[in-house]
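Taking it in order: structure first as structure tokens, then the write-up.
Letters A, B, C and D mark the chains as written, and numbering starts fresh at 1 in each.
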Amino acid sequence: MIFASDNWTGASPQVAEALLVAAGGYAPAYGGDPLSADVAAAMSRLFEREVSVSFVGTGTAANALALAHVARPAGVIFCHSTAHIAADEAGAPEFLSGGGRLHGITGAKGKLTPEMLEAAIGLYPPEAVFHGQPASVSISQLTEAGTAYSADEVSAIAVVAKAAGLPLHMDGARFANAVVGLGVTPADITWRAGVDMLSFGGSKNGCFAAEAVIFFDPEKAKGFDFQRKRAGHVFSKSRFIAAQFAAYLARDHWLDLARHANDMARLLADGIEAAREARLALSPDGNEVFAFLSRDADQRLKSAGALYYPWPASGLGVGEAGEGEVLVRLVTSFRTAPNEIDQFVGLID
Amino acid sequence: MIFASDNWTGASPQVAEALLVAAGGYAPAYGGDPLSADVAAAMSRLFEREVSVSFVGTGTAANALALAHVARPAGVIFCHSTAHIAADEAGAPEFLSGGGRLHGITGAKGKLTPEMLEAAIGLYPPEAVFHGQPASVSISQLTEAGTAYSADEVSAIAVVAKAAGLPLHMDGARFANAVVGLGVTPADITWRAGVDMLSFGGSKNGCFAAEAVIFFDPEKAKGFDFQRKRAGHVFSKSRFIAAQFAAYLARDHWLDLARHANDMARLLADGIEAAREARLALSPDGNEVFAFLSRDADQRLKSAGALYYPWPASGLGVGEAGEGEVLVRLVTSFRTAPNEIDQFVGLID
Amino acid sequence: MIFASDNWTGASPQVAEALLVAAGGYAPAYGGDPLSADVAAAMSRLFEREVSVSFVGTGTAANALALAHVARPAGVIFCHSTAHIAADEAGAPEFLSGGGRLHGITGAKGKLTPEMLEAAIGLYPPEAVFHGQPASVSISQLTEAGTAYSADEVSAIAVVAKAAGLPLHMDGARFANAVVGLGVTPADITWRAGVDMLSFGGSKNGCFAAEAVIFFDPEKAKGFDFQRKRAGHVFSKSRFIAAQFAAYLARDHWLDLARHANDMARLLADGIEAAREARLALSPDGNEVFAFLSRDADQRLKSAGALYYPWPASGLGVGEAGEGEVLVRLVTSFRTAPNEIDQFVGLID
Amino acid sequence: MIFASDNWTGASPQVAEALLVAAGGYAPAYGGDPLSADVAAAMSRLFEREVSVSFVGTGTAANALALAHVARPAGVIFCHSTAHIAADEAGAPEFLSGGGRLHGITGAKGKLTPEMLEAAIGLYPPEAVFHGQPASVSISQLTEAGTAYSADEVSAIAVVAKAAGLPLHMDGARFANAVVGLGVTPADITWRAGVDMLSFGGSKNGCFAAEAVIFFDPEKAKGFDFQRKRAGHVFSKSRFIAAQFAAYLARDHWLDLARHANDMARLLADGIEAAREARLALSPDGNEVFAFLSRDADQRLKSAGALYYPWPASGLGVGEAGEGEVLVRLVTSFRTAPNEIDQFVGLID
């Protein structure tokens, strides 16, 4: 019953096997290897256009370096107040962007709305040097509330961003879960909806450590290698990130992994919905279930060894815990077994 | 005949196997796993004292973050002019240290001398705000010329650094090769000789991507996690770096790998020494052979498929190429086969 | 009727005269002149202890560099959400501190409370690398709501800051007005109450451009010259800042200037209090009057040439404007003439 | 006999008077005042085209912020190894540009040559991520050796910079002296010769503290206000910098001041040339005289109260001191009196 986070899992057997195979022999360093080229081609096929693919070590690096790449002096990055970049990256976006500022917006269900975004941008009129200047917009897919933006929602945000001349970044740490959950194509939910840069995460969904920044307009990636290099994110044996991604993308493996995780989340949500001692905070769009548990149930589950985190409701936009309740986050993964769900649900009345 | 760099190799079977094993099951993220604790203990045994061990993604990150950790405003980092941090890291030390400056010193055979270091530090008198203030000293072990500092040489440099109140950093991208080459203990060549921080590299010697910053005084590591995190170098599945290091350190595997590489370099150097068309630039202390090849031999080797890089003599302190000669760097690795050496040497007259 | 800001004024005749006198002859550059030493001595007398005095060009530089001096990696600066550093300095504290983050706290009347501060610090537990680490606390004296912290209020905040190991900075852009308004000594309201660093502003109260960072423990100022220099804030003809401060401090000129400004604010507040069409948002402690004007009165005043800014109530903690009202900020200065007040008040019913 | 530096002087009476006049009354803050507009117009007339004018506090800030404005990730700034930005600004260009690197080039007489520049740029091939990428070129006018680049010399450098896509910056801390010394128009020696940005210094030539960054293409200045603001260089009472510049530029006052300084330098150089105990290191183009003094003469002058600095020959390209000689720098100013020269020369045999 491990629902602490999807990064508690190891790697999928296919990914692990691919790495083992790649361990032999020689290959040019620093991305000059054939596997890296293969992954770039696979990503371009996946997104139905030529894209630029840059590997980095972590999701934090992917987010922060992408945002650094479009930074402006005194620049302001607009995001949800609970966004990973705002709450969980220890200032990496601020640091790597040379002192940028995050402007957090508190929207319901972990989402920005176009109206909120427009109002926030309006606080930084171009003629005033005092407040800083808008630099970019970042949304998370899945959001930190486990919800997914529909293609229409993304488009509406992109319209506001574009009108202000701002690039739109998507933090796709759980991009696979969002794509599966929404039933859309990767292209439809990204560049066709106006996304300029995507942090494409593999680590949470079956890779060891595989993250990439995708630029949908390869021209815009110019100079990004220097962003990566000066932050120590150009790997000499870059082909080992490539090997993971190659196996991850092959034959829709990444979607299969995410589908399983999402199915498990659905199962878990159904169980919670049916229980008296628990209620869903919101319906999951991916592999994260936010639920209010009675303190009794919470205690019982923990005693039985269930691992998960209580979660601050503040800013998430999922409602508040009632008397005697605690908000928790339950994350499923490609590895979650149905019997883990059964056991968990069985412990709640 | 691949002598381009030791980072063209894959991973050693033991390391690869360890990763495969670690791929199963669950483990706490962000370094809370048992393997990470095991590696910390193993490192402390290795260095014969309690040390602090922090994983990062690349050698560039290890170097730049260690130096950032001891940065000062307007701080100056003293190093050899050919040091990796000065020549090959695209300004990562400057960037991650918030605008530090590298003061390159050109010493013979890729090494700093205490006298040179003292003179360089003297250019930044404490009372003058104009030039900046000394912040740290960094030496490379192996150096970029493939030489190793003896324990006495390190000590002499440390004395100068200490007198100026400067921490001493060692870039140990090829630390294993140096330890084997010198026939010393890891403790003797580091903290006992006055080294404060070590970039302990595994990637060039049989790991996929395993780098760590070692603080010999764990107190001094305080706050270093924030340096790593804000640069995107805290890995969620940190245990996969741990798994590599665990296998790497177990039963002196890392030394065995380095010994093989060094032996191959010795073999290569002997072959070159015996040839008419080639001459050693200096005697190798580890797994890098710098040699002057006649242009004919160079052409013949390349035609036969040998891979290696011509190298700029400038600053390296290994002498200059004569008429019709070219300076080349030949790097061996744990994977280099004796017959690669034979074939190479056989092609030189 | 110019109440736009106290930085719309020129310089006091005494300050201007002092600069004229200093314009002759020669003096050592970069702070080695006798006037700079005089000012340092005068400040030490003023604060009843030896202090370190460092000149910079602007209040923004004073604040940001002081906070940069105590920065930590992934560091968080706690301040009121309306603080000048948070709202009006275009990210200078973030930039000059190498990517620090401001954590804004919304307290009533522009003030932090110890409870709020403690709760905010508690959001960054030392063991969690994700959120960043507390680095400093900054309060403004006067606040952005024109209020002043009493010595007891400052002490209570300092206790919380100290308990968390955080230095306490005071933005004293209107320090003179606060000292006069509170009727305290400079020592009592700063270091005796636990303040570690003070941005001592002269520009708003009769100087051309004279700002200084005061460290109450001179030991803590070590290295601060490098902070200033690398941000371009070490002035070659530093004696001209010294000349301003010398005249400013001589014979309590600075307090006389502030007293006049405060008296004018009191007069203005009294007039507003007596009017039907206007009401005070809060009682002024210094030279800033926040008032709600009826839209009619606002229109009439503007037509008559009165200059002042509407002010966002958001976060200021002064209550909200009612129907048909607008919140405005009215700033008096050493130059404000009583007849400007009379004219203004005469235009409100 | 004060030849220590031109920044030991005060302000010219006209500039001081202008400041006194501006001290009265009110004016909009932050550059919205009429004087600031007047100066912008005057600068545009001076340079015979519309230029963008941005005030900052110091020459270091002007240089570093201009270079920061055109920074690139892992960016390299090419300059003479003795340039003020490289030797005397405590890393401000590196810091404010977010970690840029200065590549120092050692050319004769303090100057870069096009050939040297081209070779240096060539060390950073676009396809290699390791070394960083060229970002800008900076030359000093006067140079640190007191020489001036002719318009043809500037043009030749600009051609190389342009070919590499690099903006050309000119550090004009002693721009007035160069213009007078060369007998050229400000336009001919800047934008007509290919200069993109100029640090226009007033502080060394009769102002208190007046420095500006001039962009010859106003479009390129977009966003520069944010560079200034986030470094604390947007002055609230900006009109006091404007007042200085207005008086400085009016009726060629700035050129008159510089002409006097240059004439004094010529006189000094002639006296040195005629002496047995001293020899010119090079012929001065402006107000700096570099000379080799016999140790006897040096001692005699110092005993008589002459103030000047010994100067490191290293890198300056002015030849080396002979046995028993010392290289010194003698700087004249608008305030230097002919009898100071006479006294100085009279003390040398």
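One rule holds for everything that comes next: contacts are C-beta pairs under 8 Å (C-beta built on N, C-alpha and C of every residue); 3 or more make two chains touch, one makes a residue touch a chain.
None of the values given here were measured: they were computed from a predicted structure.
Both chain C and chain D are touched by A, B. Taken over every residue number at the interface, the positions common to chain A and chain B amount to over half, indicating a same-residue contact. Chain centre most remote from that of chain A: D (centre = mean of CA atoms). In whole angstrom, the spacing between the mean C-alpha positions of chain B and chain D is 42.
Centre-to-centre, using mean CA coordinates, chain A is 34 Å away from chain B. The mean-CA centres of chain A and chain D are about 50 angstrom from one another, to the nearest whole unit.
Among the residues of chain D, those touching two or more other chains are numbered 30, 73-75, 89-91, 94-96, 98-99, 129-130, 132, 226, 229-230, 234. Of all residues in chain D, those touching chain C in their complex are 2, 4-5, 7-13, 15-17, 19-20, 22-30, 56-62, 64-65, 89-92, 94-96, 203-204, 208-209, 226, 229-237, 240, 335. The part of chain B that touches chain C in the complex is made up of residues 30, 68-69, 72-75, 98-99, 129-130, 132-133, 223, 225-230, 234. The touching residues of chain C, counted against chain A in their complex, run 73-76, 87-91, 94-102, 129-132.
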